[in-house]
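One chain, chain A, appears in both complexes that follow, with chain B as partner in the first and chain C in the second.
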Partner chain A sequence: MEQQEYIDKLKPILAPYAKDQEALQRLTRDTSFIRDLKINSANLVDVVLDVEEAFDVEIDNESMEKMLTVGAAIDIVQAKQDAR
Partner chain B sequence: MIGNDIVDLACAARESNWQRRGWLQKLFTTAEQEYIHAAEIPAHIVWLLWSMKESAYKMAHRKDGISRFAPLQLVCTDVQLQPGTARGCVITASDYHYTSSRITPDFVHTLALEQNNSGSATVYISDSMEAATIPGYVVRKNDKGVPGLQHILTGNIRPVSISHHGRFAAIAYLD
Partner chain C sequence: MERRVVITGMGVVAPSACSLAGFEAGLREGRSGIRYQPELEALQFSCRIAGKPELNEALTGRYFDPLELRGLSSTGIQYGVIAGMQAWEDAGLPLNSGTPDWDSGTIFGNGNSSVEKFREAIYKIDEGQVRRLGSTSVPQTMVSGISAYLGGKLCLGNQVSTNASACTTGTESLLLCYERIKNGKAERMLSGSTSDSGPYIWAGFDALKVCTYKHNDNPEQGSRPMSASAAGFVPGSGAGALVLESLESAKKRGANIYAEVCGGHINSGGQSGEGSMTAPNPDAVQRCISRALADAGIAASAVDAINGHLTATTRDALEIHNWCIALGRKGKDFPPIGALKSHIGHCLSASGSIECVAAVLQLQKGFLFPNLNCEDLHPGITEWIDASCVPQQMEERPLKVVAKASFGFGDVNACVLLRQFNN
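And then the complex of A and B:
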């Protein structure tokens, strides 16, 4: 999958939790879930669970710790997919 | 050092389904999950423990400036629940964070401090953003996003922790 495909697949996952819908439309690898999208920290776990379901991967606690940006999420998903 | 966190319980009920499969397991240790399930009102304990972890995280972030999402590394211990209040301690690899919480039908608020002495800090909780200001001070964030209260005249900065959720804002600073 290309980077843009990942971003396009992440956008609808993030949409229900993003309080800043404009930042959601401008989504890039650098977009921060909390600082830019204004996602409530308690919803980060929903993002992690949704990403696990959408990409059929298991995100361990060590990976989850770093999953604070779009780019980090893509890298984690790619690494898990490559490891299969 | 200081950290605080407020949870609007009505907003939390709307925005989070804590009974979702896998949700508790990613946020809470086995002992914490058992404590939640044994509670009279499990949802209140979910948000109590969450606000304890969040307030401790803010305190840790103020110290090391590192952003991370590692709720299982913030372990809630010694939770002493009283009607309307709770005290406890959140342990990380390097530190103890002593917490004091208020639990109302509308919100849960937790203050985290280095010492077990909540009398050394002032907390304002309000249901409007405008009231969450301290006369004579402005809030300034440093390059890591850590806020401070700067005195308008002297320029002195004191540590402050600010939390918003739903209808509520909370501001806590060291005296």
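And then the complex of A and C:
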């Protein structure tokens, strides 16, 4: 999958949690879930569960802690997919 | 000088209606909210009828955003938030000002905490899927979930707490809020209580054999407080909410005033004498009513109507007896008494608040709602009071003072005196 494909697939997953919808439309690898999208930190666990389901991967605790930006999320998902 | 406390807003989510106007119309016409529940039959309940508010997406969508609605399986939180926000709107107060209102708080009661959400969580936990609980488990299953939700939605900056005292909860909430304002600790307090719907809440009562199994084929005749053929209560659910406010604050805002809270009393029979976990100690009930009158500075002779607890179990006659002793009034001298549970069943932890909303409407608009299903008054009741004290038809009648009491498991009691507001 290309980077843009990942971003396009992440956008609807993040949509219900993002309080800043404009930042969501401008989603890039550098977009931060909390700082830019203004996602409530408690909802990060829900984002992770939705990402797991959409990409059919399981994200461990250590990876979860690092999953704070779109780029980090893509790298983690790619690594899990490659490891399969 | 002691501060006066008035009621300036109300909201209700009841089996008969999910709006204040609909609820009042239902009260007047004696609309039953009791329906046959196929789910209870499938689960082999003895009692297969219940009272359940009919929510719809338009209503939930008005008070919850789409993210909040994801995984929101607690019916009690839905009912309580809708009723609480309705009451706040009705009082003309801002829904979310963006900054905490230090002078506004809530004590909003509950009986159980989101049993449906617990059930989901327990299944996942037992399957080794703790991590799949997500973020919604704690806010819904913590006992104070309902007050926490309301505190955020209304941006409350004063006390935000949940009380619990079984079926006394709602009336207790009203008195706790009243005292906080009277003592100068807050200007506005949202009083209320909620109760979840469904088999996991009602099952324990079914097992205790305190619910009727005789009216599964005619649900609307099932809830029969004060009737000789009463065979147990019909479980209900929902939420009621009332905005209590210092008279000073209400006047400053030019708020609509429904009624004045004059005082009341909360006590327990200590599960001694005739009292137990499930039965009331009559001495405590009588004392609660007398103390409430004394606290409010209202003579027993001035009580124009009673909104009773009256659940449709064998204890109804005892309740009437207790009112007679406490008020020193009987026969034709007894004030008219109403049992809202004949319309909507026993809404458990929500019953006190929903019934307080009804009592305030009765007082403000001047009417006695019809008692349903008691054509055959229990002889233990007519032994004490005249049959005319149990109106079975809607009656317009100006009322100055209404007494409301609730009693609950644990041998706990609460009684409040409400008066028509007079400047």
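Keep in mind that, in the parts below, the second predicted complex is superposed on the first by the 84 of 84 C-alpha atoms of A that agree within 3 Å, B and C clash if a C-alpha of one lies under 4 Å from a C-alpha of the other, contacts with A are read in each partner's own complex, and residues count from 1 in each chain.
The rule is simple: contacts are C-beta pairs under 8 Å (C-beta built on N, C-alpha and C of every residue); 3 or more make two chains touch, one makes a residue touch a chain.
Please read all numbers here as calculations on a predicted model, not as lab measurements.
For chain A, the partner touching the most residues, choosing from chain B and chain C, is B. Once chain A of one complex is fitted onto chain A of the other, the partner contacts of A:L68 are limited to chain B, with no touch recorded for chain C. Of the two partner chains placed by superposition, only chain B is touched by A:R35; chain C is not.
In the superposition on chain A, A:V45 contacts both chain B and chain C. Shared contact residues of chain A with chain B and chain C: 17, 42-43, 45-46, 49.
Those residues of chain A whose C-beta lies close enough to touch chain B in the complex are 17, 34-35, 40-46, 48-49, 52, 61, 64-68.
Those residues of chain A that touch chain C in the complex are listed here as 16-17, 42-43, 45-46, 49.
If you check the complex, the residues on chain B that touch chain A are 7, 12, 15-16, 20-23, 26-27, 50, 54, 67-73, 145, 165.
Within the complex formed with chain A, the chain C residues making contact are 66-67, 70, 131-132, 134-136.
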